[in-house]
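Reviewing the structure listed below.
Order of writing sets the labels: A, B, C and D. Residues in every chain begin at 1.
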Amino acid sequence: MTRSPTGHNVTMLGTGLIALFYTATLHGRRGRDSVRVVYSRSEQRASSFASEHGVPQFTTDLEAAVAHRETDVVVVALPNHLHEQAVELAVQGGKAVLCTKPLGRTAEEARRMLEAVERAGVFAGYLEDLCYTPKTLKALKLVRGGQIGDVTWARSRETHGGPHSAWFWDAGLAGGGALVDLGCHCIEILRGFVGKGNRPLEVMCWADTLIHPIEAEDNAIALIKFESGAIGQIEVSWTFRGGMDLRDEIAGTEGTVWLNHFLRTGFEAFTAGQGSDYVAEKAETASGWLFPVGDEVAELGYVDMFADMFDSLERGVPPMETFYDGYVVNAILDACYRSAESGRWEPVRIDDWRGEPVERIARSRREHDGKTVIKEETMPDGRRKLIVKDEASGEFSDVVADALPG
Amino acid sequence: MTRSPTGHNVTMLGTGLIALFYTATLHGRRGRDSVRVVYSRSEQRASSFASEHGVPQFTTDLEAAVAHRETDVVVVALPNHLHEQAVELAVQGGKAVLCTKPLGRTAEEARRMLEAVERAGVFAGYLEDLCYTPKTLKALKLVRGGQIGDVTWARSRETHGGPHSAWFWDAGLAGGGALVDLGCHCIEILRGFVGKGNRPLEVMCWADTLIHPIEAEDNAIALIKFESGAIGQIEVSWTFRGGMDLRDEIAGTEGTVWLNHFLRTGFEAFTAGQGSDYVAEKAETASGWLFPVGDEVAELGYVDMFADMFDSLERGVPPMETFYDGYVVNAILDACYRSAESGRWEPVRIDDWRGEPVERIARSRREHDGKTVIKEETMPDGRRKLIVKDEASGEFSDVVADALPG
Amino acid sequence: MTRSPTGHNVTMLGTGLIALFYTATLHGRRGRDSVRVVYSRSEQRASSFASEHGVPQFTTDLEAAVAHRETDVVVVALPNHLHEQAVELAVQGGKAVLCTKPLGRTAEEARRMLEAVERAGVFAGYLEDLCYTPKTLKALKLVRGGQIGDVTWARSRETHGGPHSAWFWDAGLAGGGALVDLGCHCIEILRGFVGKGNRPLEVMCWADTLIHPIEAEDNAIALIKFESGAIGQIEVSWTFRGGMDLRDEIAGTEGTVWLNHFLRTGFEAFTAGQGSDYVAEKAETASGWLFPVGDEVAELGYVDMFADMFDSLERGVPPMETFYDGYVVNAILDACYRSAESGRWEPVRIDDWRGEPVERIARSRREHDGKTVIKEETMPDGRRKLIVKDEASGEFSDVVADALPG
Amino acid sequence: MTRSPTGHNVTMLGTGLIALFYTATLHGRRGRDSVRVVYSRSEQRASSFASEHGVPQFTTDLEAAVAHRETDVVVVALPNHLHEQAVELAVQGGKAVLCTKPLGRTAEEARRMLEAVERAGVFAGYLEDLCYTPKTLKALKLVRGGQIGDVTWARSRETHGGPHSAWFWDAGLAGGGALVDLGCHCIEILRGFVGKGNRPLEVMCWADTLIHPIEAEDNAIALIKFESGAIGQIEVSWTFRGGMDLRDEIAGTEGTVWLNHFLRTGFEAFTAGQGSDYVAEKAETASGWLFPVGDEVAELGYVDMFADMFDSLERGVPPMETFYDGYVVNAILDACYRSAESGRWEPVRIDDWRGEPVERIARSRREHDGKTVIKEETMPDGRRKLIVKDEASGEFSDVVADALPG
């Protein structure tokens, strides 16, 4: 045995579910990176997290955790209202910083974090795991390869029965409800499919608190108009019954992509409820038909996300998801909240748009006999039928022919 | 052999795809009802339709077709701009009249048809087939039986590559584009699930012409706010690639329903493209993976729709889908077009709302130790965790206990 | 209203689940045929069946039921051991007779019934509903149209938790266990796909009683070798958990067909178990994820089956499923039981094979450069790769070429 | 950056598709193990493999490759007829050896390899990737946790259009056709689900060469009887159309598991065929509906397989899949070939069975009123119905009661 390539040593800030997923990902699968220090506000949580996950050191001192001399990367896995302070400390320490989603509670907060890392020149990654699911990565390849033509419509949906920690439900700490919690994923997924350089112009959003006894919204739907004409659609809910529904659908001029990340992935089980308690994560029931996923951290994108982060850090290039992306997401979320309030389309305010101008989705223009072809179909008897428009008169008519020129 | 129960004799107005589906339904499966007269503006189409479908008589005289002494029911399967005239003639003839969807091009047109049939007291049915698919009927039974609690969100989607006849593409004749063509189905499906007495208050709609060289919209998305707080979501497109996508999803406080009527119904075929031409209806391709449906007219609701119409006529009761329903759908469509124009929520204008007041979706209110319970979860170790809110301080916190009172 | 075409009047023998499905089918959907007389050994069951299903007359006298002067068709929906007597009575009365599946308990019994109807010249139909499901009919059209080439393998699976009436469990009355109860469906489905003229030569069968405290088999798997070389595979179980699993899969030289008739048909529901009791037929659970079908009698083939029976009767042609088919099925079942006993392939004994000789599945024979082409693939770089065999030396090798002749 | 945990350095024997998958897995995802030396019989292939995959050294000298002083693990990814020699060399070198599947061409060959590694005491792993797919690992956890009770039936299916290299098609080099190539996966998957200590007693196998112009079988089906009474079913084909079909289904006394590893995993795409060439691996078509998987090496089990191998090596314990497992698989394959020849059940000959005796699947025995309960159902009206058997008379009867004792 010789030594393997060197890896990175991580300070993990936080011990909640997301810190657990991150650490499980880094420590699984013979990775070369590892968590060396874990921080929590609670000594008890820090201590038990460290022992459960093989983290050598723990602390309740945030500054000490960030500044720890054995680590070169800080992962921010804290509640939303603590992101900015943690990022600032990492920047001061000159360390690479990876921040969980959403970046800020508002675009203003995100903007300050973006400026801090850019000014200091530290490596910064936006930990948007759902942009890195294996299906999303493959689908992005398909879409960017032109397989579905120009994207016209993209839908991203994330719904479940509500989050697992108290702070999520406090709109002040979280920056909102289901929209900020789940919508941040959906927005960035959509941006990937319509193209990150495709400027989000306006949003229209409905949000309501339908069931839970809280002030924040527990359901929201938003539409985003992009510069190309493409429309994005996000659906989030904290009141969904049946598990966690993670689906994306993309329509293009030449094709379609449907992704199901969680509830229908080719794993189906029925159980009468015998046996040990373990069944499947986030399943609401312990008997009847269940739909587990094979490898949760892989299916949710954590594995590929950290690989991209550390590989990019080593190559000296920005990762696929940057703080700038986090800022754009927050800017869209801000517009969503304004729209939910005003009841109308609201512009997305991005001070510093970095994309190039994007062309409008190409409309087909084909002529037949001096008329515009609207549609062509092959009929059951093999003949071809055209629907054409006479642009002069505005009249539509059918043309059926045995042998139309190709 | 003795004689069977008597049936109805139908005048079929129109010879397009919808008239073909209607006639195939009535003449299939040993039905007791039949088409006796078919009308088309074109003698050639009337004649060939009659001979292909075993209809004894055909004509190009609309008045004569409606007034034909051998028929007691008139089915209007004409382009949208001809519905009103046909309904008026049927009313004058005192005949039962069944009109295809949408009822009118505008609520005003629909309203006149509604008043005409109500004033004359003739039986009138709104031929909204997708409200009658076997899956929809069964799902309505589930939902109305309380299996999913209060409906919070319902989505209905109909998309394909665009209609098959020239008049659909002419916004003047059709009353609009994809929204009026496909959205009328979606709206009425949503009304069924949220409850027909649940008043549609406001709509927000996006519509655009993304690809086809036409004036009418080829894509649209709309949200409908209902009195109970439930939100309806419709998605229509004439630019979808991959076949015809007909899906409905309903979320409730206690459950979820997902329906797929066409592209994924348990019938999957791969073919290298050998053999005869016949493969599957509306499939864009003749090779590769294909997803036919078993019995198209049954899956699309035609069989159950006509059964309800004729059974209701005989029992002297209104059918499940009436001209009033058609009018409400047109009123919602009108609001959608206004909203697409104004960019804001627009009220649904229904002069004559016939529903009773509906209560708001019930919010759960449960207390633990003087605090409001937000969520309860069973933890992996079997203990129960509550997220609670102190209404006085507004603070959220976690409570974990071995043995919480039930 | 004028009178409709005349229909048929039926004597229904039996009041169990199958008689209920048959009657619900005949009396639903505005059909022109109806049940006029129902027979049961129990007066109470006959009486309540008649009143529940609108059957005008009931009796406990089998001969009287069959001979009833108002009926022209006798439907045998009795336990297996009573089929022969009922068929004989119908033959004596000169009536058309439709017998539920399996035709007999043994090929010998089925053979006597076949001879009886053929000698008398009465119309006789074999009520094999699962050969008539809308998906099966459409798939047969695909397969017979050559879309998947020559059929090489076909699998039919029917499994559930066990039948609902006592007599099924009595091997003497039923003629066996799960194999005769469910396998009769599977066998005839397979025959449809490989071609009914494709002689079943030999079978190999495993059968065992794994769970239930009975003598008859509760699980069985059988393979059937057909004359063309195609292999059929049937899987039946009375111990399956999760509902009723009805799936068929057909592989051909040019394609594939997968059918799912029951548990995954595009209807998915989750319920926390609130509301009324009604959820979904044959679901084992009343909460969690459920998979209802839209219209059970249609999806299970009853509607199309009776349409074929009565239409064929009227046209004076044999129906798709005849007593001869029932006899062949019994002959295959007999061979299965012999094989389960002997542990080896057993010949299928059919005295009176009516099919024409069938050719062996065509093997492809293509040469490249004097060698046999085994496989051709397009490589990622666009070049074509051939795997070829030198018939003289027996050696296999790869050939990669930029431009192979087509 | 500090140094990460040390990893392993690998000699990769072979440069075909499987060596490519192995190397891609080891070199992907920030792993700590890496391939240092690659061997091929062809210098050109060795050289280009090394440069494409970042392997520092390559050679055409098998002994030198195995003995290379920089490596501690030898991975055998050679054609089947070369496994034994490679394993012997690794044993002589005292290195850990990981051998691809099948272990041998016959049980005798496998047995010699097993004895060699056990005698020498070197770490040996059987690279059976499909036993390590994320879904399989999770499903094994479910099944071993008792969630589906006793396993009664398990089916494993692997089919595609035929392998990609010439040697596979040569029965002498490969040890057979589709059965040995694909069936080895299926057998070991089944063993995992029924329990590895559950002795395979007898097999029944059908094999035929239906389409390809070869001597080896291109299709096979086999049944395996296990000691517990459970039945295993394997289906393999080199003639399947539509991609690669990898499905496992497990039935138990208390539940059911269905796994789909490849063709239906929640990723669906339709493309009109525009854009770049890249679409999806093993798809037969480049347009129409396609079903890619997200991350092929993860979904096929390679990632978890190597993690288990290296982790076990480091912990000094046997991996989940050992050479003994490979030997058992070969013993079952041998019996399959004998049965395909003899047409009867053939015993599985394992000289050295290491499992403990296993009990028969438990049959339920419950009494009601002195009779054996066969089945219990809740009827639509809420009453309970029992089917019972009088063991004395052998008669079966129904008992319906409002309030049966629980």
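The working rule: contacts are C-beta pairs under 8 Å (C-beta built on N, C-alpha and C of every residue); 3 or more make two chains touch, one makes a residue touch a chain.
Note that the coordinates shown come from a computational prediction; the quantities given were computed from them, not determined experimentally.
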Q. Where the contacts of chain B and chain C overlap, which chains show up?
A. A, D
(Q) By that same contact rule, can you tell me which chains touch chain B and chain D alike? (A) A, C
Q) What's the chain with its C-alpha centre farthest out from chain D? A) B
Q: Scan A-D, B-D or A-C for the interface that duplicates B-C, counting it as a duplicate when over half of the contact pairs agree by residue number.
A: A-D
Q.
Taking the mean of the C-alpha atoms as each chain's centre, how many Å separate chain A from chain D?
A. 34
**Q.** Separation of chain A from chain C, taking each centre as the mean of its C-alpha atoms, in whole Å
**A.** 48
Q: Express in whole angstrom the distance between the two chain centres, defined as the mean CA positions of chain A and chain B.
A: 33
Q. By residue number and range, which residues of chain A touch two or more other chains?
A. 148, 241-242, 254-256, 270-272
Q | In the complex with chain B, residue positions of chain A that touch it | A | 148, 152-153, 155, 159, 161-162, 164-167, 169-170, 204, 206, 208, 210-214, 219, 221, 223, 225, 229-231, 233, 235, 237, 239-242, 251-256, 277, 343-345, 361, 363-365, 372, 374-375, 377, 380, 382, 385, 387-389, 394-398
Q: Could you please specify the touching residues of chain D with respect to chain B in the complex?
A: 241-243, 270-272, 284-285, 287-291
Q) Mind pulling up the chain D residues that touch chain A in the complex? A) 1-9, 28-34, 70, 72, 133-139, 141-142, 145-149, 254-261, 264-276, 278-280, 292-295, 298-299, 303-304, 306-307, 310-311
